[in-house]
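Note that the chains are named A, B, C and D in the order they appear, and that numbering of residues resets to 1 at the start of each chain.
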Amino acid sequence: MMAHALRRKLYVQLDPSRWPASGLSPLNALICTAILVATISAVAETEPLIARGREALFARLEIGFGLFFAAEYLGRLWTAAEADGARPPWRKRLRFVLSPSGLIDLLVLATTFAPFLTSNAQMLRLLRLFRIARLAKLGRMSTAMRHIADAVASRRMELALTAGFGAGLMVAGATALYWLEGAVQPDKFGSIPRALWWAVITLTTTGYGDVYPVTPAGKLVASLVAICGIAVIALPTGILAAAFSDALQRAREAKARGPEA
Amino acid sequence: MMAHALRRKLYVQLDPSRWPASGLSPLNALICTAILVATISAVAETEPLIARGREALFARLEIGFGLFFAAEYLGRLWTAAEADGARPPWRKRLRFVLSPSGLIDLLVLATTFAPFLTSNAQMLRLLRLFRIARLAKLGRMSTAMRHIADAVASRRMELALTAGFGAGLMVAGATALYWLEGAVQPDKFGSIPRALWWAVITLTTTGYGDVYPVTPAGKLVASLVAICGIAVIALPTGILAAAFSDALQRAREAKARGPEA
Amino acid sequence: MMAHALRRKLYVQLDPSRWPASGLSPLNALICTAILVATISAVAETEPLIARGREALFARLEIGFGLFFAAEYLGRLWTAAEADGARPPWRKRLRFVLSPSGLIDLLVLATTFAPFLTSNAQMLRLLRLFRIARLAKLGRMSTAMRHIADAVASRRMELALTAGFGAGLMVAGATALYWLEGAVQPDKFGSIPRALWWAVITLTTTGYGDVYPVTPAGKLVASLVAICGIAVIALPTGILAAAFSDALQRAREAKARGPEA
Amino acid sequence: MMAHALRRKLYVQLDPSRWPASGLSPLNALICTAILVATISAVAETEPLIARGREALFARLEIGFGLFFAAEYLGRLWTAAEADGARPPWRKRLRFVLSPSGLIDLLVLATTFAPFLTSNAQMLRLLRLFRIARLAKLGRMSTAMRHIADAVASRRMELALTAGFGAGLMVAGATALYWLEGAVQPDKFGSIPRALWWAVITLTTTGYGDVYPVTPAGKLVASLVAICGIAVIALPTGILAAAFSDALQRAREAKARGPEA
């Protein structure tokens, strides 16, 4: 009986949708903090200037976080039996284990406790960050998420067209510069895929400067591509601005019509 | 009789405006996919790291796609007789052959089957991408296309003015830096056309770093040009955002007034 | 009598505000074209790759354009007597000569016919471009110009604040990097004015790459400055978008209220 | 009695909220100008090309500005007794001394008169710029400030989400390039913190060019990160544009409902 009450309490703490108050439950807030600190630790660990001489500290941190997240996993496994539905507890638990989030949790735990199974632990540990998004999907944050997703979705055809226009421009620019500069700079423009690297970095207005045209004709075409880069940024920004504006307007009008509408 | 029924069926499949359901007909979906794959293959073929040792494969792919698109061309030529109008079939077919899209198709086919006629096959093969735009000009995609075109067209004077302002700024900045830096860096700022390359790359905030001022006065003017670059991006973005917003607003109001309006 | 009728006719052609039809008068259209061609010629003349061996051609072009614009100037001087008002013709003409546009015209003519008076002819010849703006200030172009100017003016305090925020960020970032990187890269960050060059190029997201921090602390601060650069672009763009949107909305509402409003 | 009248007069001049007319009081306008000139002088002083041979001039300027701001500080201290409230004058003055602005003023004065106390005088002198913001927080400027703050605040969840999305993208991109390029360019991508420098400079589309991928896989991932950089700029810009638009719309509707609303 007491175990059931404890399980219920823990379930309310662990499942964001069950927490009655707004915001995160204390336990989930602690877990989010632990994820952030563990991520910062995993990032810092790779930098020799920080990690040299502190290998033991980072190893202990990793084990500590691993134990903490393992305990959390067992807690979720145990309390999964509290989920709604008439199925027997073991089926609810299996459902949790086989859910995408359950599998990701298990995979990340493996990078700590079964390092021989995975070669790129850093990449996998980042998956923990997705958990923050999942846990924080609550209240006002969730509303904001839906606002952005709705605005993007409502204009998805226009955004897709803009992306298609950008992609076409990219391929056309890369082909033109392959043709104009390929012979002069074969290592940089000697093939269309190589020229595509230049086209992406130019159209996004990043401009590293590792690749740029040197012939007058190449510079002329590159100028046109760079100028079109303004459209590639201005069009989606304008479309998104209008979509957000429209969503706010509709919300205001719905409010003005009152609750009976 | 059977040939006529087949020709009718093929025509419905090939002409996007005849397809009764929304979206692409199965045949046109196949053609779009073939165009994308053929383009990727044409792009990859130019990269030695990919193509070396696979010349035969790429040659066979090119011939394969060529035969496929030749068959499509013949199909469109044959079914062109089904087009609306009282003219004799041969005039309808001539109309297709002499239409811009028919001529582009023929030109692209020539790069495969008459390579001795064209020197830059890669450029011409890209023209196939236009066909995707033509085939996909349908339903919701077509509505989105019209939305963007309408928004741009409704504010074309403002956008032209912004472009004029940007062009003026470009020429003024280039002339100033030609005057200030021409003697110090003659290969980079030794003429206004050379300085224009710098001005384009700066005003679009690309900033490759192959050309930049080195004198204090040059840096001061370049700073002003770079700061104006923000306006050159912010103005058209703002104008487009307002145009898209206005179009959505008008659409909503038209809907609110009801169908009789 | 005939001279008067001719003068009147020429005046209607030359003064944009007198032209009864929309658009430019044929003579002003010719003048605009001549200004554009003369500017392109003046730009091209500075490039040795274009001008070498064609010095005589460019000299003749410059003299030709000079004579054309001198004739235009004399025409405007002659027809100035047709301007509204009761003053004697010589006062109207003096008014034209001493007007900003009259003085600019005279200054530009001096670069051709009195080259010994001016040292940087290229800069001065660009002033001709202002004339295009003046001549084209007509009809729909003029409306669009007023739209942009109104939108910018209506939010000038917000835009000034954003500029102030950007300037403060620039000075703060430059001071921080002067302090953090000054000793390591004295030629690049050895003074706040030098660091300001870096700050401008970073905040505008141009990023030439001639100056960048190399110490971890410098990179951390530079990262923050670069991230704030997004706000420096997003804020004015958002403000302008809202201003344009508001202007369109007001225009639509004024129209909806009807002509009696 | 006369001292009281003078103190009252000075208080009205010094405290922006007491000045009856719009804009700055003459004394505060002088102080703002002095702050700007002192800041420019402090910036110019660090540049050897400007300061060499003028050390005495800059030292005298610094002492002069120091005396001016010391006199202002004493004036504010003296007139603080005029502040509202029933507390004794010494408590009102202590309140001024211990207020953030009073402490900053004192700190900046220390850089001039007690240089042995502070090591980085330049940084501290910049704090004077905050005073301009405080003094100018008036009338229309204050309204504009509140407009921007309100718009940002009303969409703070959406902006925070976008920042979170950008941060996640940054860490993911840095980890991917650490993994793909770490072995090839250990000094540039040899740790995630090093790769984060690349990620920030790429996502903000700055692109110095000191760090960029060289392997095909690295370039592919970097291309995706650079393309996502467009979203990282477009999303907050669109959100801010809609927020500003919504604020203007609400202001117009409130006005339309009239003063009784």
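Methods note: a contact is a pair of C-beta atoms (placed from the backbone, for glycine too) under 8 Å apart; a residue touches a chain by one contact, two chains touch by 3 or more.
None of these values were measured; they are calculated from a predicted model.
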Open item on the list: B-D versus B-C: which interface comes out with more C-beta contact pairs?
Closed with: B-C
Open item on the list: Can you work out the rotation angle that lays subunit A over subunit B using Cα coordinates, in steps of 5 degrees?
Closed with: 90
Task: Interface numbering overlap (same over half, different under half) for subunit C and subunit D - done: different
Task: Furthest chain, CA centroid comparison against subunit A - done: C
Task: Centroid spacing, where centroids are CA-atom means, of subunit B and subunit C in whole angstrom - done: 31
TODO: Give, as an integer number of Å, the spacing between the C-alpha centres of subunit D and subunit B.
DONE: 43
Task: Set of subunit B residues in contact with two or more other chains - done: 193, 196, 205-209, 216, 233, 237-239, 241, 243, 245, 249
- [ ] In the complex, go through subunit C and note every residue touching subunit D.
- [x] 155, 157-158, 160-162, 164, 168, 171-172, 174-176, 178-179, 190-194, 196, 202, 205-209, 212, 216, 219, 223, 226-227, 229-231, 233-235, 237-239, 241-243, 245-246, 249-250
Task: Residues on subunit B engaged by subunit D in the complex (per definition of touch) - done: 49, 205-209, 216, 237-238, 241, 245
Open item on the list: Can you tell me which positions in subunit B touch subunit A when the two form their complex?
Closed with: 39, 42-44, 46-48, 50, 120, 122-123, 126, 129, 133, 140-141, 143-145, 147-148, 151, 193, 196-197, 200-201, 204-210, 232-233, 236-241, 243-245, 247-249, 252
